[in-house]
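The following pair of complexes shares a single chain, chain A, combined with chain B in the former and chain C in the latter.
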Partner chain A sequence: MNSTKDSIEQQIIALLVSYLAPRWEADPQARTEVTGATNLTSDLTLDSFQVMEFLMEIEDALDIAVDMNSLSDVHTVSDLATVVARRVNA
Partner chain B sequence: MALLDKFAAVAAIRAGLNTSSHDPTQVVIGTIISATEGIVEGRHTILAGTNNYLGLTFDPACIAAGQNALATQGSGTTGSRMANGSYATHAALEQELADFYEMPYGMVFSTGYAANLGTLAALLTPGDAVLLDADAHASLYDGCRMSGAEIFRFKHNDVVSLEKRLQRLGERAENCLIVTEGLYSVLGDCAPLRQIVEVAERFGAKLLVDEAHSLGAYGDHGRGVAEAEGVLDRVDFVVGTFSKSLGAMGGFCVSPHAELKLFRYVSRPFIFTASSSPSIIATTREALRQLVARPELRQTLWRNARQLYQGVQSIGFTTGPEVSPVVAVRIGEKEAALQCWNRLLELGIYVNLMIPPASPDSSSYLRCSVSAAHTTAQMETILEAFRQLRQN
Partner chain C sequence: MNENSEVEQLQATNPPANHLQPTSVNCDLALKSDGFSGLADALVYAAQGTSGFNFYDHSGQLETVLSYKQLLADAQTLARRLAGLGCPWGSRVGIVAETDPMFHRFFFACQFAGLVPVAVPAGIQLGAHKAYVGQIRRMLESCGATIAVAPESHAGFLAEVARSLKLVMSGTPADFDLLPESNKELVPSSGDDIAYLQYTSGSTRFPRGVEISQTTVLNNLSEIAAHGLKLTRNDRFVSWLPFYHDMGMIGFILVPLSCQLSADYLASRTFAMRPRLWLKLISDNRATISSSPTFGYALCARRLRPSDYERYDLSTWRAACVGAEQIKPEPLRAFAQNLAPCGFNARAFTACYGMAETVLAVSFAPLDCGLQVDYVDSELMTTTGAAQSVAASHENAAGYVDCGAVMPGFEISVRDAQGNALADRVCGEIFLKGPSVMSGYFQDAESTAAVFSKDGWLDTGDIGYRVGRHLVITARSKDVIIIKGRNIWPHDMESVAEKLDEVRLGGVAAFAVPQDDGEDQAVLVVETRDRDAESRDELIHSIWALMHENFGINVLIDLVKPGTLPRTSSGKLSRSQSRAGYFERLAESGRARLIPGIGNRRIA
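After this line comes the complex of A and B, so read on.
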């Protein structure tokens, strides 16, 4: 059964909140609402290395393989969900 | 955004590094005195961040070989080997490297960066899959990117993470390449190559190991971590550099696969780069001879590595996970690391400052590289400087 992009986006948001929890604990001011429109770098201040690290978390959580080349056009959580949905439904 | 506007961000990062007395990206060694000493800002300084693991940069035999080549073969080759032809010494070095590794084929590049770029860009094409250790050197990332292959990262030195990704690739795993290093240059930790080789063989994948920081330091013959782990004959491609233990400039790939002979026809970083000058080739060949003939250099290197690693731990610092010629001292926050780095320089000790994202775990480190040429007294001076850091 195909997973919808919306359901994958919700899973990614849950994973992202968990990934960011230690940082938010150390700096409560940094805590912010995460939605599909959230920009990974400008809103969450993740650098490119951290985005790649987070991608590995998604791969392990969903048991998929996502090549890092596909991150080149990813800016928002929604962009990331599109890439991941493509792999989940491949 | 205008073409040049992006440099505002670069300028801001640089300004952040320049808040204290010295800019770690702008250190000038005014006079180089020896393999382990220089004059920095008029101050006698012990160099403990130069990757000069065997201390061969001032070796008299290497210098004589370079001087002779300069006098008899000229200052440069003025072009690429593909266009201008190879000198006999380029081919001789390739054979000597192949012999050193007990592999049939060798290829020399003009820099270590070009060796990784040129090997990976020749080996991989779009549609191929490559599994890359997350902490791999930028040159390995760039080579994979340049090839157009699909890049899958696995967690650093995590064999389970590698295995999971191979499983997810399904049938493609059989035709993929795994890329790892021998010794990782920031924390000084070694890859679990025996386990990685076993996983690679189980899935039918090929394995490339970068021994840039481990050549000369690991293994009974100094061939690197793959030799030390007893799996060198099960590695498909070994790449490395001449600019660390061999004290020169350049890089190489050796392999049991005859196809390596064909890489030079498709490897753009090889085809479109001027070949190494005769003096560089000559000093490299002599340094390789020294590496083979003088195993005591390796013993001294390890004695010094143990002294520094255990010494900074006993002072109370947290280090990388294992004793190695790279001693990473964890400081934590970037600002504190910058202050400590400055203080060490004022005390006449040069080390490397590693801050995120160049450091692997969001912490900042003072990275020391140990040399066989460091004297016991110099090691004590370095440790005394770390003691002063701790007291402050």
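After this line comes the complex of A and C, so read on.
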């Protein structure tokens, strides 16, 4: 598996888009482009339980365990990719 | 014989991959739940048996077993190391309360060394580095901690805080393991010595530490064992509640320990990610006691798939306690219905009432009866305060969950705003007295005086009524909205708004703001991720209409992004902080009043 930060960011974006798909289907207005700069809480309005739910999907997809406490400085998709890349390469 | 075969069955059906075995039930040690001189003494007795604590990891595998016997040995060794630091008797030790055996070790080391443990929150939100560090700093400052410890996962945050605090020592458990052991004899705290400080869940910004003595905590623990849960040697606990919350720490560490029973833990975040592991653990370990606020049952029910319904055996779960300020029956009914094929019995739901100021529990609903909902005439209650019983089908019927009879040690008094005692079935402020009530907030005479009446009763701040010795909680007193002489309970407004599909459970806060004429104006802050102007207008219209239908009042409706409403460390909605946030948004907008959508028709 290629585990550069960029490729992980692309995987996270793909996972996010599929995670948000049902919500966007119900509410097309909420659909938004997801990039590295997208803010998880303010742009995508993920609440704390949704963050956990989404992290679980990342963990299952990449077969890693993300330490929640390493997310205290994560705001954007790109920040998250950095943290996840560290775990994948650990 | 019976117990043995149960243990064998457990081993046969659930062989842990790493060959660890969870602690068993005690076959030889008699259950003893009172007569201890302190928590240390309770541990010394429990260590004679085979029970203890079991920690499960994020995939539900047993990770660490900490028998009471092992805990006693570990705590005494650690106590001698802490004693070597030479801190005065009663010095506070801040422990970052992750779901980790280090919490138990340090908590009990303090008991043996005459130190006072203080559980510090461990939960950190996405991007909340600064907020978290600020929170633990305020707490460590408030209790005047001289020692602080955090698990490896939180070491960095603690180090940031420790720099600016005058601590004798701070670090991870590994750092403390390097300390030499003092050879002085350990003198465990007992009697009137402080057992622990508990920071209340209502105090995220201005922490107040509830001070609980050994005598006080032991009193509540033995009452819970004998009267609340009627514990026997066959009981087993499962919990995912955080240890920095009273229900987690008292209910699932101290209650099982003081009765020599085993407890199995999942981290809170494991539950949030994989709530079904909670049910799996109860099923695998044949647990009998597990608690959650309403939202936990709702989350679990939502994540279940029909294929799960027959996967678990929940028939042993005899007390599914439901705490927190307001118990919502509907999500609980859904949970019970979905899990009936797993043997879950809705009669296991046990409403309970309590607070850190009374150690943990004040009342338990009768066991094996399920939720008892008391239907009262809401119209009459709003106008006169009288909680007159009506049929559930009555047009004004409002249902409140009966929290059961207060335990024998408590005296209750329901009072009006002038302090006069009220009769049965009249709403007022709930006052309590008894040997489980705290002595006060730690080094905070002002806050202490504010919650004790002159005649020594604790003002709980909760509103409700009594039916004999049974308590029914209807709201928090400081939250009541009074509009033209009528009392409107914010919880009621929130519940009504939550009925809309667009409004999330817990995603709405109601409170009052003063108008120019001194009358209260009700405000409803509603979280929505909807950004379309038209559908936002529709949502405002729907809420507006519902409030009129149910309460006949005009409300200001403030739509905000999800995550805006502030929560306390235990996840409860903070109405007072929601109110402060509303004023902050007003100030930012530069307006005298938020006038979103239809709300402005009231103002204009």
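Simple rule for what comes next: the second predicted complex is superposed on the first by the 88 of 90 C-alpha atoms of A that agree within 3 Å, B and C clash if a C-alpha of one lies under 4 Å from a C-alpha of the other, contacts with A are read in each partner's own complex, and residues count from 1 in each chain.
The working rule: a residue touches a chain if its C-beta (ideal position, glycine included) is under 8 Å from a C-beta of that chain, and two chains touch if they have at least 3 such contacts.
Computed from a predicted model, the values in this text were never measured in an experiment.
Chemist: If chain A is used to align the two complexes, do chain B and chain C fit next to each other or clash?
Modeler: clash
Chemist: Examine A:49 and indicate which partner it touches, taking first as chain B and second as chain C; both and neither are also allowed.
Modeler: Touch status of A:49: both partners.
Chemist: Could you tell me if A:75 is touching chain B, chain C, both of them or neither one (first, second, both, neither)?
Modeler: Touch status of A:75: second partner only.
Chemist: Once chain A of both complexes is superposed, is A:33 in touch with chain B (first), chain C (second), both, or neither?
Modeler: Touch partners of A:33: none, neither chain B nor chain C.
Chemist: Once the two complexes are aligned on chain A, which partner has more residues of chain A within touching range, chain B or chain C?
Modeler: When the residues of chain A touched by each partner are counted, C comes out ahead.
Chemist: Touch check for A:63: first (chain B), second (chain C), both, or neither?
Modeler: A:63: touches chain B, not chain C.
Chemist: Determine, for the stretches 127-135, 361-369 or 595-603 of chain C, which one clashes with chain B when the structures are superposed.
Modeler: The stretch that clashes with chain B is 361-369.
Chemist: Shared contact residues on chain A for chain B and chain C?
Modeler: 47-49, 52-53, 55-56, 59, 65, 67-69
Chemist: Which residues of chain C touch chain A once you look at their complex with the stated criterion?
Modeler: The touching residues are 58, 124-129, 132, 153-154, 157, 269, 272-274, 299, 529-532, 535, 561-563.
Chemist: Applying the document's contact rule, which stretches of chain A touch chain B when the two form their complex?
Modeler: 47-50, 52-53, 55-56, 59-60, 63-69
Chemist: Would you pull the chain A residues touching chain C in the complex into a rising list?
Modeler: 23, 27, 29-30, 40-42, 45-49, 51-53, 55-56, 59, 65, 67-69, 71-75
Chemist: Tell me, which parts of chain B touch chain A in their complex?
Modeler: Residues of chain B touching chain A: 129, 134, 145, 150-155, 161, 164-165, 168-169, 356-357.
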